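In the two complexes that follow, chain A is the common piece, with chain B as its partner first and chain C second.
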Partner chain A sequence: MAVLKVEDLSVQFRTAQGVVRAVDRVSFEIRAGETLAVVGESGSGKSVTALAIMRLLPRHGSTRVSGRVMLGERDLVGLADAEMQRVRGNQISMVFQEPMTSLNPLMRIGEQIEEGIRRHQNVSAAVSRRRAVELLDQVRIADPHRRVDEFPHTLSGGMRQRVMIAMALACEPKLLIADEPTTALDVTVQAQILELLATLRKTMNMSMLLITHDLSIVADTAERTLVMYAGRIVEAAATGEILARPAHPYTRGLLGSLPKPRAAGRSRDRLTEIPGAVPPLHALPAGCSFAERCQRADAVCRTDRPEARTVTHDRLAVCHFAVAEAI
Partner chain B sequence: MDASSSQAVRVRRKTTPWAFQVAVNRLKQAIPTIACVLVVNFFLVRLIPGDPVDAFVAKAQGADQAFKDHIRHEMGLDEPIWVQFGIYLSKVAHLDFGWSFQNSAPVLDVILLRLWPTVLLLVFSIGVSLLGGVFLGVTAARYSQTWKDRTIAFMSMVLYAMPAFWIGLSLIVVFSVKLRLLPVGGFDTVGSGKTGIAYALDVGRHMTLPALTLGLFYLAVYTRLVRASMFELLDSDFVRTARAKGLSERTVLWRHMLPHALLPLLTLVGVQLGSLLSGVIVIETVFSWPGLGRLTFQAALQRDYNVLLAILLMSTVLVVCANLIVDLLSAWIDRRMDVN
Partner chain C sequence: MEPLLQFWRRYRQNRGAVFGLAIVLTASAMALLAPWLFPGDPRRIAGAPYIAPFVTWQFPLGTDQLGRDIFVQLFYGARVSLLVGIAASLVTALIGCTIGALAGFYGGRLGALLMRGTEMFQTIPDIMLALVLVTILQASLLSVIISIAIVSWTTVARVTRAEFLKFRSQDFVLACVVMGMPSWRIIVSQIFPNVLPPIVVMTSIIAAGAILAESSLSFLGLGDPNSVSWGMMTGAGRSVFRNAWYVSGIPGLAILMAVLGINLVSDGLNDALNPRRRER
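And now, the complex of A and B:
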């Protein structure tokens, strides 16, 4: 059963350079109790997709969202603000990429956890405080009784991300959106946080949308994976399938860019092995957005935009050659 | 510290010791300030060209030299200057600011009489402009990029650009001369015999124009500052987190964003307080408001040293006190240093 169903979601920004299609007719669903990973290079529209689901995009007239985001019977896109506030932090929560700046520096950690609880549940101050301490304990912060009264600046990045997770889980949401929750952290801390997320997801039996640009972390955490490129989903499949038999040339490129031992003399910083960069979103080419960087590209790729093709059951790829390649 | 007392501290959330610390630090800094002001004021005032005896006897026409010497002796001006200063210090320590020869009354009485109109005017105009500035700044952020925000931005820009005296004169022309709604000047209607609420309303009517003239400029300054600070925060990460919790927009604005915007505002108010006296002098003179500002102006013209010295000292003490309040408020908003 699907917890959340995204149908034809598009997001456009009007900017000085022109209209930016940051998300272009994206459709997917998140099933109960599963982790769905979204991977893609920087600028591929992962965060905008997540923020559109949460309705946290800048509210100016220059942002346009279309499509449907179905949470049960309700379409979040058209929901009234007050209704949407009851969904946020209650049924769907979000953890962000920047733990250092995502907490309010002037408020105690406990206050910040408690206000979410008190917003959605009719409980006394004593109960919400006890719950805040419990949550800190659950995200494995040592000495939670003392930590609740501290201010964020006393915590490291990893600890702050734990606090963010505690806040997000406070009302036991059905769905947790984690937008690159470990990108800003040390490698050892990254693993701990991912492990924590996976454990909590299981014990609380919620679904998770895990956004990352790092394919190496999806293998252990996500049942299914979406690959995004220039605002579109280019491949969707079970994680094992994607890792073993990528159907889209872009996915193959990403897999090739996984950090692995390199020949001496090559720069260690360069992770991407896909030459070139994402084309500017306000001036996408007529054909396939990836054609410029694709070794497989043909004349047809530059003139015709590929449609989604079913590669095998439960597997999509948006490439003119996807079917032929995968089999 | 034993367990029970540390428990008690935790229940009080540890704010008291920190507030106390702030107060002690502030007062420690204030002592040399006040000492400097005492010295500088005393000698500066004596550098003003003109002779107080001449100014005084100008009233009694054709005074002879003997009479002048007598007055000079009465005023203590025939002593060496360091003796004058020593006498001055010991008297100040006893809250004795001497005799105002121009007003024929003790300086303390003269000042206390004039203090309250000024305090009333300041508290009212600064208080209202602070509250208004915060409200308008937050409203602008709430309705950013709509006509409400644009109107607020435009109006505060216009008020900010207009000189205070010009605002004052325009207000007088419109409300007093043309519409005849409000009095041009003074503190109350002389000889009206009003008491109680009627009297308060009468004073309020007299205060409206000077308070507006003084306050509108500050309202514009505060609105612009709060609006700019709030706008900077609108797309910040922790504000997004607050929204992600499902908090209402009002809670996000007032609880999460405003405290951040109040810190620079309080700093600005603290800085401005020092220069407030000069603004008050102009306003009180224009509206014949019987406050310290006008008294300062008169005392400077009449070389009424004792009054001048006392006012300068008192305004220093007032500024120090106001800054202490500003610091305590800032410490209360930013409690990060609380935890020891």
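And now, the complex of A and C:
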């Protein structure tokens, strides 16, 4: 069963250079209890997708969101503000990239965790405080009784990210959106945070939307993976499938650019890179937006935009020449 | 208690600020004790006119051209000056913070509209507008306070807006939105405490300016006619300045000291509230 269903979601920004489609007719669903990873480089539209789901995009005349984001029977795109406030933090929560600035420097961390609990649940101060201590314990912060009264500047980046997770999980949401939750952290701390997220997701039976540019963290964390490029989903499949047999040339390029463990006796291979850069979103080519950088590109790729096609069961790729190939 | 003590320790490091605080406290004591030390009308004729200061114990600072005690008037004048300083700066802060916070937090069309309005006020010369307002509102303490607030809120609004713009896009504010917190609560309970230090400093500078503005208005005869103020005393003495400098000189000195004191205090507050200097 799907917790969240995104249908034909598009986000347009009107800029000085013209209209930019940051997210272009994106559709996917997140099933109950699963982790869905969204992978892509900067400017691929992955974060804007998350912001659109949470309705955090600026609401000026220059931004247009269309399509549907179904949470159960409700479409979040058209929801009234007061209703949306009841959804945020309660049914969908979010963890950000930068733990150093994600906490209010003037408030004790306990107060910040309690804020969400008091907002959505009608409980006494004593209950919410006990809950805050419990949550700190759950995210494995040592000595939670003492930490609960400390200010953010006394915590390290990894610990602040744990506090952020505790805040996000305070009301046991159905879905947690994690927007590059480990990008700003050391590699060792990254692994701990990812493991913590995985464990909490299981114990709380929650779904997670993990947004990252780092393919290496997807393998252990996500059941399914979406690859985004220039605002569109270019490939969607089970994570294992994508890593073993990528169907889209872009995915193949991304995987090729990852360092591989060296076989004994062999010299180090040079990493392959994807030539060129993401085309500017206000001047996308007529055909496939990846054509300029694609080694397989044909005449048809430059004139016709590829549609999503089923490669094998439960696998989509948006490419004229999509085939699942082992690498 | 502990944070207050730390605050005082940081404040104490600025000697000028401690001196300023002493001046402000002295002026406050004068204002509070005036009716108790010197009951009765401070403007009644108490002795011979033109007694110079430090001549007789009965009138330590002398008397003016009508034989009114300058020392007593100085005490009562402190009441008006401080009241105007405090009240005008608070009203100023209230107007400025509200407009600045709304403009900074919401931005867009509302922000543009509010800022254009602010700029419109900024283009009018302060003292001219204050003169016109006091004239329209009739001279009274309240109208003086209101006029000063109306001409000085623009700077507070601009500073507040800039601070709100800075914090608006910080992740912790986004985290509060994500938590389902309504905007008004984010403005009041999350961002406002963070932007308080510059506003406190700003407000104390405005208090000093308000005392000066009140003095100017009173000097020109537009102050409250029923109460003594330092500006009024200075203005009243200006016609006899050549043979009795002290009639306007002493209250003028009082204005100078009060404004200097408040400015020193705001300097000290700036140092003590600046988070970069906090962690040592």
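In this section, the second predicted complex is superposed on the first by the 308 of 327 C-alpha atoms of A that agree within 3 Å, B and C clash if a C-alpha of one lies under 4 Å from a C-alpha of the other, contacts with A are read in each partner's own complex, and residues count from 1 in each chain.
Assume a residue touches a chain if its C-beta (ideal position, glycine included) is under 8 Å from a C-beta of that chain, and two chains touch if they have at least 3 such contacts.
Given the structure is predicted, the values throughout are model-derived calculations rather than measurements.
K.L.:
Is this a clash or a fit when chain B and chain C both end up on chain A?
P.N.:
Chain B/chain C on chain A - steric clash.
K.L.:
Have a look at where A:N104 lands relative to chain B and chain C in the superposition and call it first, second, both or neither.
P.N.:
both
K.L.:
After superposition on the shared chain, which partner residues are touched by A:F96: those of chain B (first), chain C (second), both, or neither?
P.N.:
It touches chain B and chain C both.
K.L.:
Looking at the overlay, what does A:M54 touch: chain B (first), chain C (second), both, or neither?
P.N.:
In the superposition, A:M54 touches chain B and chain C alike.
K.L.:
So, does A:M167 touch the first partner chain B, the second partner chain C, both, or neither?
P.N.:
both
K.L.:
Using the touch definition from the top, say if A:A2 reaches chain B (first), chain C (second), both or neither.
P.N.:
In the superposition, A:A2 contacts neither chain B nor chain C.
K.L.:
Thinking of the overlay built on chain A, is A:D149 touched by chain B (first), by chain C (second), by both, or by neither?
P.N.:
It touches chain B, and chain C stays clear.
K.L.:
After lining up the shared chain so the two structures overlap, which partner does A:R86 touch, if you call chain B first and chain C second: first, second, both or neither?
P.N.:
A:R86: touches chain B and chain C.
K.L.:
Could you list which residues of chain A make contact with chain B in one structure and with chain C in the other?
P.N.:
Looking at chain A, the two contact sets intersect at 54, 56, 58, 60, 82, 85-90, 93-94, 96, 98, 101-107, 115-116, 119-120, 153, 164, 167-168.
K.L.:
In the complex formed with chain C, which residues of chain A make contact?
P.N.:
Residues 54, 56, 58, 60, 82, 85-90, 93-94, 96-98, 101-107, 115-116, 119-120, 153, 164, 167-168 of chain A touch chain C in their complex.
K.L.:
Per the contact definition, I'd like the list of chain A residues that touch chain B in the complex.
P.N.:
54, 56, 58, 60-61, 81-82, 85-90, 93-94, 96, 98, 101-108, 115-116, 119-120, 149-151, 153-154, 164, 167-168
K.L.:
Okay, in this complex, where on chain B does chain A touch?
P.N.:
Answer in residue numbers: 10, 13, 144-145, 235-238, 240-249, 251, 255-256, 259-260, 333-336, 339.
K.L.:
Which residues of chain C touch chain A once you look at their complex with the stated criterion?
P.N.:
Result: residues 107-108, 170-172, 174-182, 190, 193-194, 275, 279 of chain C touch chain A.
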